[in-house]
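Naming follows writing order (A, B, C and D), and every chain is counted from residue 1.
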Amino acid sequence: MPWTTIAIENHTRKLAKDPGEGDERLLTYAQALREAQQQALRRDRRVFIAGEGVDDPGGIFGSTLGLHKEFTGRVFDIPLAEAAVTGIMTGAALAGLRPVLAHMRLDFTLLSFDQILNHAAKARYMSGGRSRVPLVIRALIGQGWGSAAQHSQSFYPLFMHMPGLKVALPSNAYDAKGLLLAAIADDDPVMFIEHRWLYDLKSVVPEKEYLIPFGKGVVRRRGADVTILALSLMVPEALKASEELLREGIRAEVIDPRTLVPFDEGIVLKSVAKTGRLVIADSSWRGGSAAEILLGRLCNPLRPLLKKDAVCVTLPDSPTPASPFLEKRFYKDSADIKDAVRKVL
Amino acid sequence: MPWTTIAIENHTRKLAKDPGEGDERLLTYAQALREAQQQALRRDRRVFIAGEGVDDPGGIFGSTLGLHKEFTGRVFDIPLAEAAVTGIMTGAALAGLRPVLAHMRLDFTLLSFDQILNHAAKARYMSGGRSRVPLVIRALIGQGWGSAAQHSQSFYPLFMHMPGLKVALPSNAYDAKGLLLAAIADDDPVMFIEHRWLYDLKSVVPEKEYLIPFGKGVVRRRGADVTILALSLMVPEALKASEELLREGIRAEVIDPRTLVPFDEGIVLKSVAKTGRLVIADSSWRGGSAAEILLGRLCNPLRPLLKKDAVCVTLPDSPTPASPFLEKRFYKDSADIKDAVRKVL
Amino acid sequence: MKRYPHEFLKKLYSVMLEIRLFEEKIISLYPDRQIRTPVHLCVGQEAIAAGVCLWLKKRDVLFSTHRCHGHCIAKGMDLNSMMAELYGRKTGCCGGKGGSMHLSDPAYGIYSTTAIVGGGIPLAVGAALSLKFQKRRDIAVVFFGDGAADEGVFYESLNFAALKKLPVFFVCENNFYATNSSQKVRQPLDNIFKKGGVFGIPGFRCDGNDVLEVSRHAGRCIDRIRAGEGPALLECRTYRWKGHVGPDCDAQKGCRPAGEVSRWIKRCPVKKFESFLRKRGVGGDEMRRIRARLSARIEKAVVFAKNSPWPQARELLTDVTGGGI
Amino acid sequence: MKRYPHEFLKKLYSVMLEIRLFEEKIISLYPDRQIRTPVHLCVGQEAIAAGVCLWLKKRDVLFSTHRCHGHCIAKGMDLNSMMAELYGRKTGCCGGKGGSMHLSDPAYGIYSTTAIVGGGIPLAVGAALSLKFQKRRDIAVVFFGDGAADEGVFYESLNFAALKKLPVFFVCENNFYATNSSQKVRQPLDNIFKKGGVFGIPGFRCDGNDVLEVSRHAGRCIDRIRAGEGPALLECRTYRWKGHVGPDCDAQKGCRPAGEVSRWIKRCPVKKFESFLRKRGVGGDEMRRIRARLSARIEKAVVFAKNSPWPQARELLTDVTGGGI
């Protein structure tokens, strides 16, 4: 298999090392995604990329820019038919290819939930393990500038209730590359959920190919006073918060699980065993949020560890409003995380 | 409005009174659903029922049987086009009607998630409250006899992450009628989730119309030793378990929240304050289950109340297998609930 | 030479121009960064909204898309409340919650405007079901782009509407692009107007930049629909002058073949109709008066919007649900 | 009078009869309650699977539906593993996890069988994309019912297949019902074979109870597709003798007009072909020999299934995912 020669990232080596440190090569999240796809396309003839706008002058906000020129016929635009196209990619995966399907907004994946949950996620099981769906569905979360209710949803918790599906949530350029390569190398369908506001953020990204294993979180910053479990865009917000808190003498430990399915429970428990305090920063709606799900899952092992009630920072239970005035109140950021930290101390 | 004259059930009066007791009229769950729809159709000209098979000799397992004869043109079959049909019902609701859309299986609603979450659930908010979607989507959970992966899903937790949507989960005939009438009377979209295995169970059902308010749970059986929070089919299983436990001297309190959105947190906390023990019996997949979500939500208030770790009885994280041998191991019942109770004692 | 009543022509002109001026006002204001919502402008496509909505009454129902400004204006919506919505204000038609892509006003039969491509089509069919159910003689109209003809709900909706003979008018604004994807890379044949044929829905095609042609076709279709003969489909061929979203043209970024935009600008629906009007004796003065009146009204809407209050913070959480029984 | 090779005719007959006997065996065994999976039998529809799959090679890809037994048999799948799957055994083609609605075997190009109406159609288009991508000369075939022609993915898939000129063959088994819903209450026109026309896909209609007619049409379509000329659509008109699900006929419950079933039983595809064969000199003895051979094979499959072990308990949780890198 063309994938077995890539090194799997040495998990422990990266601990406590912020992406962005060091004097190595810096790439944006968008560039890192692009590089991952370019390398996958080079490495494996079975890989192709389909999606509305993948070959246009925008190139999905730069993340597929120009790839159609290097890989003729393997990076192509599609009709606006999310349901069938997801089925088509699933069928192509069943019959031996490794498709990457890109959506400009996570919101549009709702049209394809039947193909995702009834088909892609179940085909392996229903066939008794004889068939596989090595499909990656990339989808961006939008935010701000009045994107409003249908262009800014971050309902990734829904994908946590779909056995057979894996879910990645890269929070920086380094992870974007390593997780995307791992997702493409994986034999199972992966929801790969990106955040538009991370696209321009840079971190150190090695040029070589590397795979970040699913289900292994990372400690982004070490600290002994409080654990912040942060997801997606909330990771940089949590890092910002923790820097500011440090000035107040509060040492926060920031944990990024990197994938939601599978989820690294151990890394959270280990941290809380030390800090005794937990904040979960998650930009999904409160009801049924990833925060609620994970807190429910960890509730029992956390009980003896927590010195104070855990606090969740999430979006309120409303569709996204358009007005900038309301939008500002809808979204959460480092200030909210700091408030939450103060509450748990 | 034609609905204001119906009595809202006196919540407290029903406490601790099992449906099924007394010498009043007994109906099956299917008959109760049918009666609710019949009364709604009589009461309100705006109500109509659409769904694959609503007017056939099966009548959705009896729940709509023959209604098309009494209400010509108001109970009708539809094309197999779940996405558009849900949109059509939403459009009809926006323009003044009160549709009830019936699905034989919850699994098929996945084809309409775009219309449910992007459209029906958001229309009120996006219009600044000027438009309404009084739509009820009935959907059955199937189980057993090798129904397998695509005809037995119970992914109701997904609907707990859709602001704008309400979710009812009736566990007996009495509730089926009162909740369905309340759902039809409601100005918001309601996912009304039924379980096929409840269809033939009987309980006392008053002939008169009555509305069960959303967000008010009920204590199905009183007990001081352990709280069992049970959902849908798990309610009768929990009642069975608690009867058997009583013989061992264990007095379980069984709580049925009746609706998942809104959810009655108070009734659970009040009970656990007394018992100090909690079992959640929920027939959705473990990862992202209603059990995990609710435990996460209640984690903090529960901490001082619980004497022992809570235990969740859920389905394992796999698609439903077809083989009867595997199916038996996949599903949970009163025996599993009893085991869970013993663990928390 | 067909005779048109003077008032008829002036009405058409006025609506079309109102849309143009409204969009141009947005273009001039957008750099101020006070309209903070993604605007999908319909400059170049105004004749369709004008030519179709001419035949609609206030009680008729209309569904639109992300590119909805023109349809809302043509249906008669209040400019003040539209502009205030773009500014995110309390006085906006959606109380500031909807923004540019979701302009709506139930008082004008615009219940909900969706930005999910194709999403409005079944909604319109459902509204038509409601109208028929209530034995009203009103109709539902839905505007959608060529992109929506890729989506399965379009076909499902055509099937249902034909099956139930519903009073719904499908109007496709084919501007040959969905974002930057040309129709050619999404559809094997260029024949959207025929897509209803296999369901028994009559289909027509017209020059969407010729307001008279649009209105002629739309008028005939709508008469048919009001008479209870079931749905009809009209494909109007047109072109969008601006980028998919935002006030700028995107052609120089390579999104569209060089020269295509300028070729279509030469076929400006407003200019084209103006020269027709001149031939029919509507004088330049009269046109200038109409323009001045519209400009003033739009200016007033901007002032209204800017002077309007923000929503209250607590409104973030209102209108999610209605509380229930 | 067209001449057919003797072997060709016997092959067709044998496959059709094998399907019939397989389904009849299930009918006789079902009351034992050991086949605990919902069976959607294709009795009465066998000619379609036989006539189409005659032209397929093992490497060709096939997608089916909840009513999949016939397609799997015609594609050559192993009867033992099919029967064992119905019995929920470890030796079943899906290890007991799939059951009757999801029979599949990648070795025969049947990767995944879905019971979601219409769901297999895009999967087949995707497989065809893969075949074209890999420059294989194989094709993908998808069987679906009239019900699937209600679904939007059908149209989206036709559009995509035509756009990319993919080697995919759409075969509709129109039995005029989806569960108990007649085609008439779901579709305004009875013209499924024409639905691809607006995408440029040639469509044909044939008597699905005449195996020679099916094979003639299918052969032509498949030749065309293999030659790289893009997709084709064939509507085969047929009828299901049994209820939507289960071994009984449901007509007496009022699901279908009185007399309709018996009228179609008179048009039995197997009997019809038998009398044709007799005229072509295939003797009664030869047919009886074929029948006996098939019956024995099916009997053997039942014994195999019943003697097969259950899956192991731990297998409940295997094959959910593959573990990953």
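As a working rule, contacts are C-beta pairs under 8 Å (C-beta built on N, C-alpha and C of every residue); 3 or more make two chains touch, one makes a residue touch a chain.
Just so you know, these numbers come straight off a predicted model, no measurement behind them.
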item: Contact-richer chain pair (by C-beta pairs counted) among A-C and A-D; value: A-D
item: Greatest separation from chain B - chain, by CA centre; value: C
item: Distance from chain C to chain A - Cα centre to Cα centre, in angstrom; value: 37
item: Approximate Å spacing (C-alpha centroids) for the pair chain A, chain B; value: 32
item: Chain centre separation (chain B, chain C; CA means) in Å; value: 41
item: Residues of chain A engaged with two or more neighbouring chains; value: 78-79, 81, 83-84, 107, 111, 114, 118, 125-126, 148-150, 163-164, 317-319, 321
item: Multi-partner residues of chain C (at least 2 other chains); value: 92, 94, 96-98, 102, 114, 116, 150-153, 156, 159, 163, 185-187, 320
item: Partner chain A, residues of chain D touching it in the complex; value: 61, 63, 92-98, 102, 104-106, 111-114, 116, 119, 121-131, 133-134, 140, 152-153, 156-157, 159-160, 163, 318-322, 324-325
item: Chain A-facing residues of chain B, complex; value: 83, 107, 110-111, 113-114, 117-118, 121-122, 125-126, 148-150, 153, 155, 157-158, 160-164, 261, 284-285, 287-289, 291-297, 299-300, 302-303, 306, 309-310, 317-319, 321
item: Touch list for chain B against partner chain C, complex; value: 3, 8, 48, 78-79, 81, 83-97, 114-115, 118-119, 123-132, 163-164, 166, 182, 185-188, 211, 213-215
item: Chain C - residues contacting chain D, complex; value: 150-156, 159, 162-163, 185-189, 191, 194-195, 197-200
item: Of all residues in chain B, those that touch chain D in their complex; value: 52-53, 56-58, 77-84, 107-108, 111, 145-151, 316-319, 321-326, 329-330
